[in-house]
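Lettered A, B, C and D in written order, each chain numbered from 1.
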């Protein structure tokens, strides 16, 4: 354990001294104003060890990381039926997301790209009684932490600038792959993405995916086979057009968000979360990617 | 002139006896309920001759034909500045319209595909005082006919089902190529497309493009060079993925609409309009295409 | 006629004084070494007038201009059957020529892009007894000039560097849209493109397309309807991704070549040829495009 | 171990009784004539256990499975320099492989699609003294089996029909991403793909990738980190447009071949090979995919 602490300390030290810290997302003011010198990392193992360094207790916007949680809830609700409306293949080139949607008749390539996550949001909207409240409660239950919340300013800003998401949702609707009205689906989606957590909270929240579907309090939220499949999707689709790179360099299932967070996990062993707001050219946290690559290289704790 | 009448009579006779009359557009009830046995054709020459056969005095929804009129008004208002926001190239494969928009950074390939026409609608919304009223007045002036009007049921139906147009407009907005709000632009656009005319009214309305920019009452609505350029765009872009086919088979600048209308013209000589609601696989009026091909083959009155 | 001479003299004067003369093609030494200060223009009317300025009697590599001649010969040989193997639609975005070929199952979009021209070459290889000799004779007959010839160094250089053409030909072969061996087809194709002519010779050669299919000596090489259709294809497909621009700015059927030549024509009236080796970003002669735009703007002699 | 035997026996029993056995590849006679009732499976664990059922000792054409071995040899020879010429991202939609190559300037998406494997072949051609002999020796060394060989009829048939590979190689050449002549590279590539092995031989050959780079005789052919990275690439890119599906259903790094073979492995634990010549719609062995899904579902021995 001392060794793991030393590895994390070393990663932190490299990160705060890094010259290139990437570029903070600027499309909404709430993200643009975050200081890119923040860096947090938190490791939580299944046998009870945990250790955080840096800003691991600072709240940040989890953004696309929420897609994994929404997918988990959708699978818990309707099981394999999810796959009638969304595929499980990597998305390839990033510029042609809408193109692929057109070619493939409105079936998104996977649930972790925006169009796929919008379909998942539509499913949740149909199957949850009070969609936003119930989803938030699901996340709080996973983390065993009632303080987790939406950031309503972020949700509102996304709503005002999310034209590409409106484009995707309308395209899905034109292919009859959206049941609820576009505005209702995106209202839910923007709230889901606005959830704020700390590295420490996220490593708790994602514990169930490393633990065969059961959360820290040992409540089974998913079947073991479902947890495995979500891990598989994270590995092949969790990092946009850099999914192969992440599998190649890091070798863990994971998911990044434009707020600078990355969650990753080794089944049966640990969850790990990094937060560094500066992004690389492909939209993933620059120092977070490097930190995780260092972690699995040094510890040899990857799936491969 | 007797010869022209005989040609048109022959075309009409062939059309009403055709076995395959295509498939009527069914995405909104107002179009779906049109009887596909309607067939009208109307010819109007610059030297004053006119002749119509069949249902040439029946109102139909001009739909995309309106894009040429909107483009004309935009050029009258802001001239060459139009081309800062939309290109003049054919669009190629139909399935990837949104893809092309993504690749080309939100600059539509031409003003006669939907995304391009939405940009033109945005221009009109900015530059007209009472956009819908003023545009309708422009069309009435071209046709010298105050009875021309929107069909508000059609506009409303389009608004309720036009998800692909909402997708395109939001994508344009995401690239900063839409100044006004999406809903306002599409409200204008759906009204523009809902205008109803007869073959006879349309042949009057498009007279100015065959006549160096001046309408039947000899009012100059466009410069001669502008009229020529719009004709060039109709020739290369007027028939979606069948523009080459139309140039090849018919050899006239023209524009089709999903309501089954086609307008075509030979500069300095004539305008001709057909209406037959059944469409071919590429979305153009099946019998209208055939009628115009027969007309230019028999009369040899084409641009080539 | 004095007026036409004055227009051409003015165009020439502007061209030789132009600051930006474009960039000469450099992929083979034979083209790279051509002086970009060359500028020739030659006009030939159907009523017997002709006038040339500048280097209108200098030989240059006609390159893709030859595609129109090959298409003409193929239509003369097998008529409408040509269209079973190649379409007549504009090609849209230039970077995805092979992509379109894949999507559309090996049917090139039109006979004036490379893949389409390779299919036409395959047709000629099948139907001509001595393909290269017979095709050359066809061109000499059109021009009434036995001095026209291949440039064998150019053909050889193309063969050694034409990897994209080999890629296209093999892709066509994989879709069973090439009957003869790839090497044989491309050998013919590279020879065809290597033909050298002057502006004056080209304006004679293309006379038949302005003259209902009959050459200067009044021999009918194509039916009138065939000549019209080739003109239609030139208008919609003659300038790669700038076909719309050329129709819009110039308003004539035409074809450019990477050697810097452009042929254009007004049916029943004239052929006009420019040569200026510097190309614009889209691969068409920069000053040639400008010259033709000036010509039709000033004379108002366009099809629109 | 009895349990594993029972699982494999059960899989075999299901496979031979399956009604839908897929469709055997028919593009060359050598593959077309293989009986689709063949089914073999072979498991080999790192602790020395092995067990095969059915036709696990019958030779078949390994085809694309060879790409992993070629990549391994290339990494052994030039290390990370490989990644200057080929990326590590999944390829997305299968129809646009050449399109992607055009868009991405001749850098193949990954070394397990054809264009990427051709680049790897080019590297081996440059760095091996006797390319075909040396590569075969490498494979024999991995398997500790000198009987492994090329099938020269298969290589010849591929050469005569592999037009898409010639298209890809020429396109690579046009982007300067092929050093050696197209014909030489493809000659090597077709030989590499023609290697024949049994399930049992393949499970020996791929042992080194489950064993940190060291083969059965404990010779290190790759560094541990290199073996991990190849496993990561197999997971994200090993099954064309079904890579996500395989990760999702099976959860192992693996590679399929058009001859009906599939190799998969769990690092530190085992290699497993199936052979069933009938393919599904995406070109992967139908029963092989099902067999492996059953295996990891029942044994829970996957990476997730």
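Methods note: contacts are C-beta pairs under 8 Å (C-beta built on N, C-alpha and C of every residue); 3 or more make two chains touch, one makes a residue touch a chain.
Per UniProt, the chains are A, B, C, D = Glutaminase.
As the structure is a computational prediction, the values presented were derived from the model and not from experiment.
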Farthest-lying chain, centroid of Cα atoms versus that of subunit B: D
Whole-Å gap separating subunit A and subunit B, where each centre is the average of the chain's CA atoms: 47
Euclidean distance of C-alpha centroids - subunit B vs subunit D, Å: 54
Interchain centroid distance [CA atoms averaged], subunit B/subunit C, Å: 32
Junction residues of subunit B - those touching two or more other chains: 103
Pairs of chains in contact (touch as defined earlier), listed by label: A-B, A-D, B-C, C-D
Interfacial residue positions of subunit B with respect to subunit C in the complex: 87-93, 100, 103-104, 109-110, 224-225, 227-229, 231-233, 235-237, 241-245, 247-248, 251, 253, 267, 297, 300, 302-304
Of subunit B, residues touching subunit A in the complex: 95-99, 102-103, 163-164, 166-168, 170-171, 173-174, 182
